[in-house]
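Going by the order they are written in, the chains are A, B, C and D; count residues from 1 in each one.
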Amino acid sequence: MSSTALQAHNSTRATRGASLERAVEVLKEVIDAPIASYFSSCVHCGLCAEACLFYTETGEPKYTPIHKLEPLRRVWEREYTLLGRVKKWLGLSKPLTDEELGAWRELVYDSCTMCGRCSLVCPVGNDLVYMIRKLREGMALAGHAPPGVVAATRRTVEIGSPMGIRWPAVAAQIKHVEAETGLKVPIDQAGAEYMLLLSSMEIINFPEYLSAIARIMHVAGKTWTLCSEAFEATNSGIQIGVSDIARVIVARVVNAAERLQVKTVVSPECGHAYFALRWDGPNLMGRPFGFEVKHVLEVLDEFRVQGLIRTEGFEEGRLTFHDPCQIVRRGGVIEPQRHLMQMIARDFVEMDETGKYNWCCGGGGGVSANEEAEGLRLAAFKRKKAQLEACGAQTLVTACANCRIVLEEGLEHYQMALPVVGLTELVAKHLAQDDGRRQDEEG
Amino acid sequence: MGLEAIPVVVEPADLAAARAVLRELAVLVERLLATGEGGAIDLGVLPLTPAARAWLIDRLGRGEVEIRLTAGGQSTITETGCAGVWWVRHGNEAGVVTSELLEVAYVPGLVPVSRAEVENGLQRLNSGLDGLN
Amino acid sequence: MNELQERLAWRGISRRGFLKYCTMLASLMALPPAAGQAMAEALARARRPAVIWLPFQECTGCLESITRSHTPTIEGLIFDALSLDYSETLMAAAGHQAEQALKRAVEDNAGRFILVIDGSVPTGLNGAYSCIAGRSNLDLLREVAPKAAVVIAMGSCAAFGGIPAARPNPTGAVAISEIVRDKPLVNIPGCPPIPVVMTGVIAHYLTFGSLPELDRLRRPRAFYGETIHDRCYRRPFYDRGLFAKSFDDEGARQGWCLFELGCKGPVTYNACAHVKWNDHTSFPIESGHGCIGCSEPGFWDAGGFYRPLSAPAGPLKLAAGAVAAGAAVGVAVAIANRARKGAARAAHVTATVADLEKADGGER
Amino acid sequence: MNALEFLAWVRGPGLDLALAVFALGVVWRLIEIYTLGRKPDLAPPRRVPAASGWHTLWRRMLPPPGMFRRSPVSYVGGYVFHLGLAIVVFFFIPHIQLIKALLGLSWPGLPSPVIDAVTVVTLAAMVVVLIDRVRRPVKRYLSTFEDYFVWVLTFLPVLTGYLAVKHLWLPYTTMLALHILSAELLIALLPFTKLFHAFTAWGSRWFNGEINARRGVPV
């Protein structure tokens, strides 16, 4: 094959399907000043391992977060440092191979939930999760994303939801909720103040979320709507780490919200969904949105502050709250859930490491969709288990459907009888019906 | 302003070396009694701080004899409170102490005159007598 | 009464005075007190050893140091008491007579005499830079040294090359040890050296028949074993961080450490701080000037007398250029990096779910 | 070359060369790293007090909750040797003299006995940190040749400095020259090894703090 032919061949290869060349190219695209600074700063102190539940629960040094980033480091060194390039010319450094990238799949996907805890402890200040997110761009385009996550992404893009749910399934749930609550669930209503999103997990496993929202919105006297074309909040594109795909997914919500001219889009009890829309969304779209994005906990807390909702009665026993990483540590929603917990719990205890220092459930970042990672995920769950046992809670409250299902599976695996509840539902359960506004309306 | 006005820090007394000197003196005195042969300890080469040196001299005390020697400067040989131990200080013509020893002997080595010197003395006596005649 | 004692007595130095001196010498050389007595006896007994003193590229300071002390010192006397058979500076004879004297001294005492040399040996132009009676120092040294019993290199020039060997060393001056390689040789560096060091070495040689213990640079360890800094009476100020900042400030008046004024005490091995000069009177630091390190090899070129040891010895010539070069390299890399990143971005083809699996997986 | 010539070389041309390589390396690497650029964050920031890059610069000096317990040696050893190095490097009077000669800046130093003690503690901490690196599986796993090399590079100036001051092993002049030479090696190689974290850690902390601060998380 002549060199031009080879080039042509390579370029076609590079533009169609997954390949090492594409991976390296996309990594070259995403490597930026923070990454260069981070790699230049690492002193191999290994403290990030102590912050990673995959290391602490397995004792396997290979799960040290900075080690998971080795392929990215090598591309940076070879491409963007003079010394690296000199080494390359002298043949002192080997190029990244497809096999190596493949070997890294377990480290980049199976044993990382992108919880970002390592980014909080690194003494030199390396934002490791920032780098993992970028490395996944390359891993995915090299064809090394886990099949389960690839499938979920495919379903999200092609069907509209990672679990393959279509609108009719949602419509059926809506009917059910309307019958149960006696309240109308608005659909595609232009000009509503809030546009609610759902996660597949909620539609299938936790329909109580939708009814809780309907009742709260009703009591608060707010206009809201669901959108038949953009009901799914989760974004597999973010988890698998391909911005181009994440953009397609997020664009559905953005276009729908702007078309319906809503003021606020409410992310459901789902961590990655919130992060994808609130923090990654404008960057994926390349522009700020014409609406606000809030997590449902933020909205509820606003209602509480404004006196729009009140609660009555308290939950029995001791409650604790599991902070979903993407909402709390990576999303900045730290206080609202604590105020809301105080509304419905007399005995609310915090876990030993909580808030922005919480420990992940072990299923974020696509891990829960990754069948190959199940064993690791259950091993990592021992961290949460220990925390729960230490705080002695009888009910575990959270605000992420994915966390919730991972927690339930983990608890079942370790034979712990501990109910897991969504915070929105709990607020709705204790919602005082004699709300002032409602009385006014009725009067 | 003279050099004496230059302040020098007096370090705390480290008495370990001074105590070692006392022990060595005891050994030398025992040997003097046993064999008649004494010895000397050169204080100049020992790592004694001024305070430790003062402590040592103070410990040894003062005896009855003090000999002053004028030969290339002043030297003083002082009997210490421990008979047989002599504190010898040699000074130069400028009055600076150039060496300092503790000598263990019945009579310090520098004191007795040699036979040659006595012969010399006799010669002088004789010649002096001649002169008088 | 033996010869030496007679000579001493003639100069008004008694047996006790001499014994006292030997005691001091033994003490300085860290020999046991009994060695003082032994030295006195040995010196008294010794047959007058012949000494030949050859001056090469020198300033006569070393000889002055030994012979011109303020009173007739024992150092001078011992020296005098030895048989100084040849010394151009001191001897009365001149011209052919002097040459004759040297020739006779060397022949008569072959294999037994002590050869003292002050000054360095110029090797440039085949030694032509320094000649006596038409013969170069180099030539003379090569002839005389093999017949000596022991060689004493007096002063820094003889020991290490000294000032004549300082950069740019136009005469190609070298130390005696560069030429004399197969004789017992002792270096007594200093500019000038302390007189008692030489008497100590000779006394040791006469008493024990050997040179005292020498260090790596062939200096008598007893005198050059510690630095000026180690024995300096101003050392407590160094340890407490009290430094004179100029020669006339309050610190200087208070007698604080002269390190910041360039004192080379910490790197200078010599006995000045405890043996002192002028009959144990004082030494340079006691007079308020830092040590210039005159007894160290290469002291003249060691980075300036008044620069603190920790300060750079020379101006930084490369720094500014290095910053500019660094910026140039940095900018070049930055431009190349941006081009690479731009190319990667330009080549970007929007990824779809189809790109999550290898395209060629099934084809081959 | 005799000891004093060696000393004069390291104090003169050696120092000039080391500082030049250092300056070249630092300028080059800083430009290389920080001109790679990054995309502006278009998401509207959430304002939270104490969440900023500047806060992170300082906050990262303290162990986050729970971390001290998990790796006490890293923290204690790390603090002791970093602080010890800083004290020895910046408060030993001859070093201040050097800085004064180079930059014209000076400040009061610490008494020699204090510096001696700090040096011994620093050396001990470095040995402990090295043992920890060899014995802790994660650190051993992460460690490359460079990690050990850089440890030696950092340890040598402290050790030789101590040996020189205490007149141990070699004559003071030689030891002092070796001390300066080892420090020059350290200075010259700093920009090209992980020692460069002395510069980039501040940038890294700032980036991390700033990125997270926008989301309202004081990290």
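The rule is simple: a contact is a pair of C-beta atoms (placed from the backbone, for glycine too) under 8 Å apart; a residue touches a chain by one contact, two chains touch by 3 or more.
Remember, it's a predicted structure, so these values are computed and weren't measured experimentally.
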Chain closest to the middle [Cα centroid of all protein chains]
D
Whole-Å distance, chain C centre to chain D centre, using C-alpha means?
38
Where chain A and chain C are represented by their mean Cα positions, the distance between them in whole Å:
75
CA centre of chain A versus CA centre of chain B: separation in Å?
92
What are the residues of chain D that contact at least two other chains?
28-29, 32, 35-37
Name the residues of chain C that each touch 2 or more other chains.
240, 329, 333, 337, 341
Touching two or more other chains - residue numbers and ranges from chain B
none
Chain contact graph, described as a line, ring, star, complete graph or other shape
other
A full list of chain pairs that touch reads A-C, A-D, B-C, C-D
Across the complex, what residues on chain A touch chain C?
13-19, 22, 25-26, 28-29, 31, 79-82, 140-141, 143, 145, 150, 153-154, 157-158, 240, 242, 244-245
Looking at the complex, which residues from chain B come into contact with chain C?
1, 3, 6-9, 11, 39-42, 44-45, 69, 71-72, 75, 90, 92-94, 96, 98-99, 101, 103, 109-110, 114, 116-117, 120
Chain C residues touching chain D in their complex are 160, 216-217, 227, 229-230, 238-241, 243, 259-260, 266-267, 269, 293, 296-299, 301-303, 307-319, 321-323, 325-327, 329-331, 333-334, 337-338, 341
Per the contact definition, I'd like the list of chain D residues that touch chain A in the complex.
28-29, 32-39, 41-44, 46, 48, 56-57, 60-61, 63-67, 70-71, 74, 78, 136-144, 147, 192, 194, 196-197, 200-209, 211-212, 215-219
Per the contact definition, I'd like the list of chain D residues that touch chain C in the complex.
2-5, 7-8, 11-13, 15-17, 19-32, 35-37, 93-95, 97-98, 100-102, 108-113, 167, 171-173, 176
